[in-house]
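Both complexes shown next keep chain A, but they swap its partner, so chain B is in the first and chain C is in the second.
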Partner chain A sequence: MKLLSSYIKEMKIAARGFYFYIEIVMAIILLAILLFAVNETSSSKSREYLYYDMPQEVIQYMMEKNIAEGNSRFAESVELTVKPTEFEITNQETGETKSYNFEEAATFELQTLETLDPKTGELVKTVYITESEEDMIRIAYSESKLGAAIKMDETGELSYRYYLQGYETDRMENLLYILHNETPDVIEAQKDAQVVRTLDITEKLNNRQNLVPVFIAFMGSLMGFFIVMAYIYLDKAEGVIRAFAVTPSSIWKYLITKIMVILSTVIVSTSIITIPVMGGQPNYLLLYVFLLTTTFFMASLGLLAASFFDTLTKSFGAMYGIMIALMIPAFSYFIPSFDPIWLRFFPTYPMLQGFKEILLHGDAGYVLTFTFVFLAGGLVLFLLANIRFKKTLTV
Partner chain B sequence: MIKKLFVVFKKDFLTSRRDFMTVYIMVVPLVLAVIITLFAPGLNDTTVNLAMLKSDDTQHIEYMEQFAKVELFSSVEEMERRVLKRDDIAAIAPKGDGYEIILQGNENDIIETYAVMLNTLYELGSTREETTAQLISFGRTVPPLKTKLVNMLISMTIMLSGMLIAISIVEEKFENTINALNVTPISQTGFVLGKSLLGGVVAMAGIICAVLITGFYDVNWFMILLVGFTSMMLSFIIGFLQGIGSDDVMEAAAGVKMIMLPIAGSIAGYEFLADNWQWTMYWSPFYWAYKANNMILSKTADWGTVLLCTGIVIGLSLLVYIAALPKIRKGLS
Partner chain C sequence: MISVKNLSHAYIKGGNLAVNNISFEVSKGETFGFLGPSGAGKSTTQGVLTGLLKQQSGEVSVAGYDTKKVQNERFNKIGVSFEQSNVYGKLTAKENLDFYAKLFDVPTRDSEELIRLVGLDGKENVRVGEFSKGMKHRLTFARSMINHPELWFLDEPTTGLDPTIAATIKDIIKEQTAKGVTTFLTTHNMYIADELCDRVAFIIDGVIKLIDTPKNLKLQYGQKLIDIEYIKDDQVVKETLKTIDEQDRKRIGEIVNTYDIQTMHSKEATLEEIFIQVTGRGLV
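Right after this comes the complex of A and B.
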């Protein structure tokens, strides 16, 4: 009963301050960004510059064939201005170098072709066609993009000369080499003969939905860590903690009410972001249970960290360092092929993956396992914070 | 005026030294710079991961290792368990006379395309030696992802100094030192400048060291400093506004989240918005600062563009400052 009345009192205080409303405004802004600025399908920004060293009729025939097969489409021509520049190129095989010096700025009118995924029709990359190899080299250098000259010999065979920036990996270079042993028709025929088996047909999140776990985890749970610290410092500064020491209420009740305020705020902000974007798709019971346990864990971590300092300024370094470290798993979330084992030990890694699984109706076992891990971890951190606060109550 | 300004600077320096604040603002960008230097190669090498059988043909395994990160397993079941894990990995398993590609089903499309293509080329016997392709290099060594991370680090350091000002103003208010300052000969402008000086000097030193640690020795330093200085001005104004507008540390903390939004939004807008939608970010000075830094770090910047970007940053900062001046004056009174 005391706990409930403390919680109601804390919520009333929170409702009087700006923080609670800023959280809601932030959630609305993020929702607006998701709904109006992020497309459901990802729009590729990949660009290449090509020069076709062959008769115009052949170029036209190749393009029309690609368009007819649904592999590409024409787009509006673009005008591109490049600055005066000076650089050197090196042939990777022979080591031969050549210098270029363009003293004047130049403007090019480039024919544009959009390469599409034949299965989905989505844009894969935009290809700009130049009128000479020198133009292509200059533009590829100035724009820091891949360039290629495609030459057709007397027998109709195509040969490629790629202009790379220099930072591409050996694996990428090796692939470019082996792509050009056989004719495209031979490769295509062999490719069609490949057997692909899928183990588990799982739905994918679209581009917009894919951002929801990041917003929930970072703006909700992770910020719980930061905000609970601010709450404690405010009470320390105002002497509330000292006043609390002379009341019959126990310290854990004081601490848990702080966490309960954060949990209430996070439920509201998460609902604002998730429900309009995901609709009825996720398992909301699991979502809220996971949200509450992860936020409880992070807020308990915040409490423990707050017990070592007496002002927000003094804790700034530790707080900032922990927050930055906890954001690192986002790299693995957005680049799934970058998934080192050490990264999985960061609490935000299972948080991001857990929210993703819930939105996808995926591996409930994984989510429940980590729900218990976060609950147990949160309880341990909370107990430690409680012990620390009992000792440092008057700090 | 200058002397009084340095009095505030000195006072702030001494106070912050007690709180290790100066050290934090200096150290955080440096630690992050080391992390970027360590992780950037791994992040850049995002070619496909493949699972293969240990019992597979050695030549086949060695062939695939030229193009992908290969993990070896004892049985097809083990490979399947690996494929079902959370990250993106494709398995290539022997089946009959050939091979089959095993996928989980939720991978990025590029994983399937890449795995299918590699197996196709292996079956065709394609080798590097028989290629008709030539590779020519411009000799650049810094991957764009590293450039972006360092640029984000610069934005973050600037944000950090803004946050610091907001929090320190709230603490000054709480301790009534602002009222005490009103009875000293120092003017409000002197106080504002002096208060900004410490964050500015320390953050700029942090940025310079971070840029050096990440290996960008040969960038145009005048350009970096110019963009850093101008974008910091805006961060300070926002920091002051939030500090003055917040009654307690709780509101300042919430305000910190609000500072993060335009910065993160500007970076995301620059990186992800299509060219024809970039104009929607023109209102944000952080967008212009990020754009200018991106060009400087990738060594494609010219003075005309950098001056235009910094001019826009200064213009927008002045607009915010002029609009906020009455509030700042009132808050300091």
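Right after this comes the complex of A and C.
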């Protein structure tokens, strides 16, 4: 009864303040962006820099064959200027390191080939062909893109030497290795054994849907984290926590009602974004369970953080730092090849992956595991926040 | 109703003591004034008694409960009115009191009746954010009575109120006292303490200097005084003279016989004057 009464009171206060509407308005804006500014099909194209170490006639033959099969088409040559630069590259097989020092800026005329999707005929990749391996290495480094040298031996066999940026995942490296160094049988066997979740899923979500996990993860987590802190600071400014502390009701009930308000609003905001874009596609039960546990976790973190400061202004540095850090996993989400181990310890990493799995009816085990992890973690944070608030009730 | 033995409290571990080894008792039905200037340790003591501050040492019992143990049900018997009003600005006066009432496990008072009692009639459905400081203070005061408290903590209950409203608040306190409510009144206003309290404690620098009834204090420390105004060389001159001092008595006779008297009033020493006499410090 006390809990219900506190919850109703908190909802009234939230509905009469502007923080409640920030989230709803934000959700509507994000939905509008998704529906009107983001195409369903991807317009992003990857770029590669290649050097063909073989006679010009062979290169010409290979290209024309590809064009005839509808896999590629010539595009206008591109002029590219790169700045002076200095770097080292390491051969992963031999461990040998080689230094490059280009003291002058250089301009290259690159022959350009566009790779097309064989089914749809849409552009998927632009390939730039350099005249030397050194040019390719320099340009790939300057542009932070993948480079490769393709060599043909006396028997007509092709061999590939890839130049990566260093942050690619082991999975990515293994994939390249298998693709060019094993027989088709081995590749088939390896394909069956590989669990490459991120890359696999990206293919199934259209461009617009692919943004939904990011929006709902950050809406629930970051807004939950920020707004619960704002609610606490409003109460601190009015001194009402002290008034609550001299009633028979417990502080944890006061704190949990704040989280209940956040959970209520996040259900509304998430529904605003998800339902129009995803329709009946996702498992909504799993979606809302995962949403509630992740938001509970982040709102508890917000409560704990709020217990260390008196005002929003004083907490701004810490709050801003935490929010920026929580956004970093979005890089991995949009650039699957960037997936360092340390990034997986950020709570927003499994949140993004979890929402993606749900939208695709993917790995439910992964989602349920992290549902439990966020619930347990949220409870620990909530208990710590409760202890902190009991200690910091000032006179 | 309240028993405090050897209570000390420091805000920083090993730092200065805000309250230093104080002891006192408050009987059931008594109005006990806790008097001292800002920073004397009044609010710290009240903070420990109401559970807002963790008890660090000594023994404290409030309304029959040991404050070292966490027992939220004790607040069913306690009402607390804060010096700084602390009500929800986005809720109306009635919503504030109704919400608060639901937090108690005992029968509570009607919110509208309490709002009327403190002179906020017609403001029941106005959001508190639109209230003046004094109105918010009155609502905070009204809220402290919602659970029919047996023990009532009042922190500067008339601060910032105009004289008429302050008089109403004082009347309400007297009414509650007459009903047997025990009151712990924290203030630096000696006139209110004098008017309302059965006993007062003087606290300064975290130490209680004395505890007694206002009447005994006046008898012990007070002196009958006469304020006299007279005309001398076409100027109005004012003197305050003690009636028990032989020299002052002669001076009174001399003035009366020599000069044209404008005004002459006898008066008692105030609690404030006694406080200054006892502690050597003022109340501000």
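Basically, the second predicted complex is superposed on the first by the 241 of 395 C-alpha atoms of A that agree within 3 Å, B and C clash if a C-alpha of one lies under 4 Å from a C-alpha of the other, contacts with A are read in each partner's own complex, and residues count from 1 in each chain.
Following the convention adopted for this analysis, a contact is a pair of C-beta atoms (placed from the backbone, for glycine too) under 8 Å apart; a residue touches a chain by one contact, two chains touch by 3 or more.
Just so we're clear, the structure is a prediction, and the values are computed from it rather than from any experiment.
Using the contact criterion defined above for the overlaid structures, shared-chain residue A:Phe226 touches chain B, although it does not reach chain C. Among chain B and chain C, the chain that touches a larger number of residues in chain A is B. Applying the stated contact rule after C-alpha superposition, one finds that A:Arg171 touches chain B and leaves chain C untouched.
Touch criterion met: A:Ser5 reaches chain C, while chain B stays clear of it.
Shared-chain residue A:Phe244: touches chain C; no touch with chain B. Once the two complexes are overlaid on the shared chain, A:Asp117 sits against chain B while remaining clear of chain C. Looking at the shared chain after the overlay, A:Arg16 reaches chain C, while chain B stays out of its contact range.
In the superposition on chain A, chain A positions 17, 238 are in contact with chain B in one complex as well as with chain C in the other. Considering their complex, residues 17-19, 22-23, 26, 29, 33, 37, 43, 45, 83, 87-93, 117, 120, 140-142, 144, 157-167, 169, 171-182, 186-187, 190-191, 194-204, 219, 223, 226-227, 229-231, 233-234, 237-238, 311-314, 316-317, 320-321, 324, 328, 331-332, 335-340, 353, 360, 366 of chain A touch chain B. Taken in their complex, chain A has these residues touching chain C: 1-2, 5-6, 9, 12-13, 16-17, 238-240, 242-250, 391, 393-395. Chain C makes touch with chain A in their complex at residues 43-44, 46-47, 50-54, 72-76, 78, 80, 82, 84-91, 95, 99-100, 102-105, 127, 140, 143.
Every residue of chain B that touches chain A in the complex is listed here, in rising order: 19-21, 23-24, 27-28, 31-32, 35, 39, 42-49, 66-69, 80, 83-84, 86-89, 95, 98-109, 111-112, 116-121, 123-128, 130-144, 160, 164, 167-168, 171, 174, 246, 248-258, 261, 265, 269, 272-274, 280, 298, 300, 302.
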